[in-house]
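Given below, in the form of structure tokens, are the structures.
First chain A sits with chain B, and in the next complex the same chain sits with chain C.
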Partner chain A sequence: MEEKDNLPLFSKISASLTGFSEMELWGTGMMETYYNYVMGKCGESSPTKLDLEYFFEKAKEIYLGDNNDENWIDTQIQTWIFPPTSYGGLAQLIITLWYTGNWGLGFNGSPISAQAYVQGLIWNAGETHPSGAKQPGFGSWNIPPINIKK
Partner chain B sequence: MNIKDRHDYDVVIVGTGISGAVLAATLTKAGKKVLMLEAGLNAGMYMDVNGSYTTYQGYLDTFYNAAAKVPNSPYPDLKNAQSPNVLNLSNKTPYSSPGYFVQEGPLPFASENTRIPGGTTMHWLGTTLRMLPNDFKMQTMYGRGVDWPFPYEEMNKYYEMAENEIGVSGNVEELKMPNMGENFFSPGYVFPMEKIPQSYLDHKLMEKTEGLKVNLNNKDYTITCISTPQGRNSTPNKKYRIQGVRWDSDTKELKLYDYSDPKEEYQPVASLWDPYTGERCEGNASCVPICPVQAKYNALKTLKKADISKLNIITQAVAVSVIVEDFDERNINGVVYKQYDNQHSAEYTTHVAKGKIYVLACSAIENAKLLLASKAANSSDQVGRNLMDHMVMLTWGLTPEPIYPYRGPGSTTNIPTFRDGEFRKEHAAWISPLDNWGWSWPTGAPGSDLTNAMNSGLFGKKLREEMNYIITRQFLLHFECEQIPEEGNRVTIDDRYLDRLGNYRPILHYSASDYMKKSFEAAQKVSEQIFAANNIENKTLYKPTDADYVVYKGQQYTFFGAGHLVGTHRMGTAPENSVVNSDQKCWDHDNLYLVGCGNMPTLGTSNPTLTMTALTFKAAEAILRQLENQ
Partner chain C sequence: MSTYFKSDKPRSANDPERQKLVPEHLMDIAPRPDACPMDIKTLHGLLQYAIHLELTTIPAYLTTLYSIKEGTNEASSIICRSIAVEEMLHMVMAANILNAVGGKPHITSAETVPAYPAELTKLCTPFPINLEKFSQSSISTFMEIEQPHALPKHHCDKICFESIGDFYNTISEGMKYLEAEASKRNTTIFTGNHKLQVTENEYYGAGGKLIAVYKIEDALIAISEIVGQGEGVDGSIIDPDSIFFHQDVEYAHYYRFKEIYCGRYYCEQDKPHENPNGEPFPVDWDAVHNMQLNPKLSDYKVGSELWNNTYEFNKTYMALLENIEKACTGNPKILRDGIGLMYDLKYKATALMNMPTGNLDNDGKPLMAGPTFERI
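And now, the complex of A and B:
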């Protein structure tokens, strides 16, 4: 299997897990970096290479079948992908990576790179910007954020 | 002769933080030859465009990559000159590792400083409030602590110098504070720059908090909210005419002087590397621990203004002690320091720096430690004692409507109502900054909110919505309670605890008295009423695992350190009760001065650095007088 074969699937599943559209995710410029990072991180210990393979197999079933209904997809993810007991906890690691740039949950995580921290989606979700980057300009904090995305 | 090879320094200053930098700049501009010793890395001292930019971007990159973005996270962690770190805190006192401080307890001392060029202002927040007149006479007014050796009125000129040097943004007219009196500011006085705009959340909270009547222990108070003066760049105030500070050798005074040309006006001091970066605060919301554009004041900006033809700085030079050759002879004969070439190696060479006058500017705890190690300046037995900090009790909750935190400087508004009053006889006073950065300090939000949301089963759109809901409604209130001086809260040394270079590590003894505990209870009562008026759902949760907490009348109150290291070499009226006199010269030595917050006899409710910087100008004036009379 080619290294990049599952990138489109990774993009789809990332969107379902994070609640950000594929376009928004690609917009961070981090898609390939994260895909490669996750591929590299799954190894001997949990999540293992095998976890990753099964993870993509399941994702294939969900996204490449005939059913495109969002609710159905969500239920599938909730049942098979999201639980911390599934695939070595891969789903929550991926969500955390997108939201914070960290690999590892909670206080066990740290940014995989400076750029990953800066591109963390948690700040977009909270209608702000990463602390220490993407400065919004003098006085911007005096009014509500203007880039309200709903 | 090149300044670098000189051995006839007028003044040797240890430390390049704001206190050392203000001295160095003032003294060299008055023509004096100054040597500075600095424990931190040489790269931190670069002032040229490329050097300063490269070093600073390195700090920023380290910050981005840090797992926990605590105050010291961007800066080098030096084994040869360690900095204390909040990550080393634990409530299991006594403990001696990890970290620089040995924590004897019963409570760990939770504040830290930074040992790098520029010192702790590299990561300070930059709040620059003045102390109140009654703060200078706590004993007379309230029977607590001690009086200062001089009243507020004597500080005004030096406050103006400090506000000029730091570059304060603020609105004098808005600063209505308890018992401030008629002449708190000089007539017509303005700050160098207009106030930093208050945040959206400030305005939302003020709608129901400004003018709110609260009751505390059967007395009514009216809450007011005012914008906070701060050392970060804003729009220059055209009415501000002060250009700077200079030594008048005829009258033997430091004087403020005005722009002579009416067309000239105050220029915000931009970043070290580019005059067009940092001219205004850009809203990076990371002032602690690092302002990416250097719109916030740091001490390197002052050092850059020194006359470098008169200044020599030796870096990677860790002071060990001052030399007192003969106890009957009142002079200090040198500063011993260990210089290391390589931060990753424990190798060093030992040297002695010599000058006519010596100044320790290493921050309160380190200053006290050096004096104890030298057996100097301690005939009063006050060295190391009366360690103080603001004990910061936090309360937090969820607002009904979005208030959009995590934007702008850390705090732009404060509640001054409880900064002074009769209640100071019973319990500590406090100031309440409204915080702009959500619950990040007490809970590790927003990262912890993500963990909580995932733990409750949320992913996808629902997760995003939940994150939006919770992040945009986070409100945090501070109660920075004024710790009163107590002899037992102190720094000591012991041969058992040495660092890698064989220098003493400070041993800290620290506790919270009933006077403090009562203020936590009182503050909770006020918090409750402010939350109720604003329909804020209280989410405050103190845990038995918190590093610093007390139990009072069956209730736990957690507090944090404010980063205010104060009081370890107090200034006073006589050699018996204090370490330094009102010129900040040691009573015991004719040529040793101490600068920094260690001199402050009491703390007040304002963050201490503005007051300390004002005192440092006073010390500079005394040093210049002494040099010119010799």
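And now, the complex of A and C:
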């Protein structure tokens, strides 16, 4: 199997797991980096290469099957992909990766790159910004946050 | 080099020392004997067009800047950023002059906000200005915008301008003529409320000094700075600002874009018509987001993710322009609140450039979305 084959699936599953849209995730510029990282990291210990393979098999079944109903997809994700016991806890690792840029949970984690820290979804989710990296402008603490609504 | 460079103090517009450094013909407030008559309405129109002209360049330069991938093309990024920031300064200075002569600047109007590809229709030979990724094509367009030209032969039946320098020279000559006519009647064209001026207190730190305009001398200095930063003054590659404001020697825009094009800095001994002969620096034309040319909101299905993100970008852009308009029409202090919007605009633009459109370029590479800078 080509290394990049599962990138579109990784994008879909990432969106389901994080609650951000696929485009928002692409917008971070981290999609391919994270995909490659996960592909390389699985097999070092747990999750194993086999976990990874079955993970994508299941994802293919869910996303590329005949049922396009979003609620059905969500239920399938919750039941098969999300539990920490599934596929060596891969879903949890992917969520943490997107939100914090870390590989590994709790104190064992560290950002996989400087950009991963900057692009962590926690900043967007918290409507704040990574300190020292994505400045909101001098003196902006003094004015209400910008919120451009449609 | 004079001892001026050893001074720590920036020179104010009225500083006699500084005025000595401005080429004399630029500071002569007397109109030429064969000056072309102009009325104040025409002058207002030209100054409003100057705002449009400066605003046309900013999104083009920013798009190219933001398309450069994080951590690459450092020298080119610094050059593009510094020029974009100077164009913002020029836009606000044009608004200052318009305010000073009793006009009212429009920043958000349909005539002011350009649609891309844009053309500067007052130029005799207009050419398309695109929202285009960092490439030899975009940089050569920018060189064309900033290209120095000798002023054309003086005549009064102009219907278009040979160059941006010619355009601004017409404004300078028009102001001199109008002010001379006014002073014959013991009055002045500089009737604008002083409180409308955006001063350096509101506009800090970036792109040279913002000149508040209260009289003809200020207006002429402001224009010589706009033209000097762009094309260079009197066949010099050096931006006169570096002399006025005690900055390190800095070259006019045309020459800085040419540095990127050639991947080499100018050095002090270089002549304007020559290619740069200074230190080389790396330019990686491939370390760039593969943004599609001149993206538009209407490229996407209403309500789709790409549409939503593009729409939000445009909303932010308009909020920024509204902020600048308010600042230039009576509330200069508000300008500072726009800084957050400028950063936000950058982050949104970069996000768009990471979003695949689903289309491929001629080499089969995926094309990305990008900032559309549309008036909505």
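Points to keep in mind about this one:
Definition applied: the second predicted complex is superposed on the first by the 143 of 150 C-alpha atoms of A that agree within 3 Å, B and C clash if a C-alpha of one lies under 4 Å from a C-alpha of the other, contacts with A are read in each partner's own complex, and residues count from 1 in each chain.
We take it that contacts are C-beta pairs under 8 Å (C-beta built on N, C-alpha and C of every residue); 3 or more make two chains touch, one makes a residue touch a chain.
A quick note: this is a predicted structure, and the numbers were derived from the prediction, not measured.
When both complexes are superposed on chain A, chain B and chain C end up sitting side by side without clashing.
Applying the stated contact rule after C-alpha superposition, one finds that A:137 touches each of chain B and chain C.
Of the two partner chains placed by superposition, A:40 touches none, neither chain B nor chain C.
If you count the residues of chain A touched by chain B and by chain C, you find the higher number for B. With chain A as the common frame, chain A serves as the apex of an angle whose CA-centre rays point to chain B and chain C; its value is 70 degrees, to a multiple of 10. In the overlay built on the shared chain, the residue A:21 is in contact with chain C alone; chain B does not reach it. Of the two partner chains, chain C is the only one that A:29 touches; chain B does not reach it.
Put simply, the nearest alpha carbons of chain B and chain C end up 6 Å apart when the two models share chain A.
Residue overlap on chain A between the chain B contacts of one complex and the chain C contacts of the other covers 115, 135-140, 143.
Within the complex formed with chain C, the chain A residues making contact are 21-24, 26-29, 31, 115, 134-140, 143, 146, 148-150. Interface of chain B with chain A (complex): residues 60-61, 63-69, 197-200, 203, 234, 280-286, 290, 292-293, 402, 404-409, 412, 436-437, 440, 444, 446-448, 450-451, 454, 457, 459-465, 467-468, 471-472.
In the complex of the two chains, the chain C residues touching chain A come out as 70, 305-306, 308-309, 311-312, 315-316, 319, 336-337, 339-344, 347, 350-352, 354-356. Against chain B, the residues of chain A that register as touching in their complex are 16-20, 74, 77-78, 82, 91-92, 95-96, 99-100, 102, 105-107, 109-111, 113-115, 117-118, 122-123, 125-129, 131-133, 135-145.
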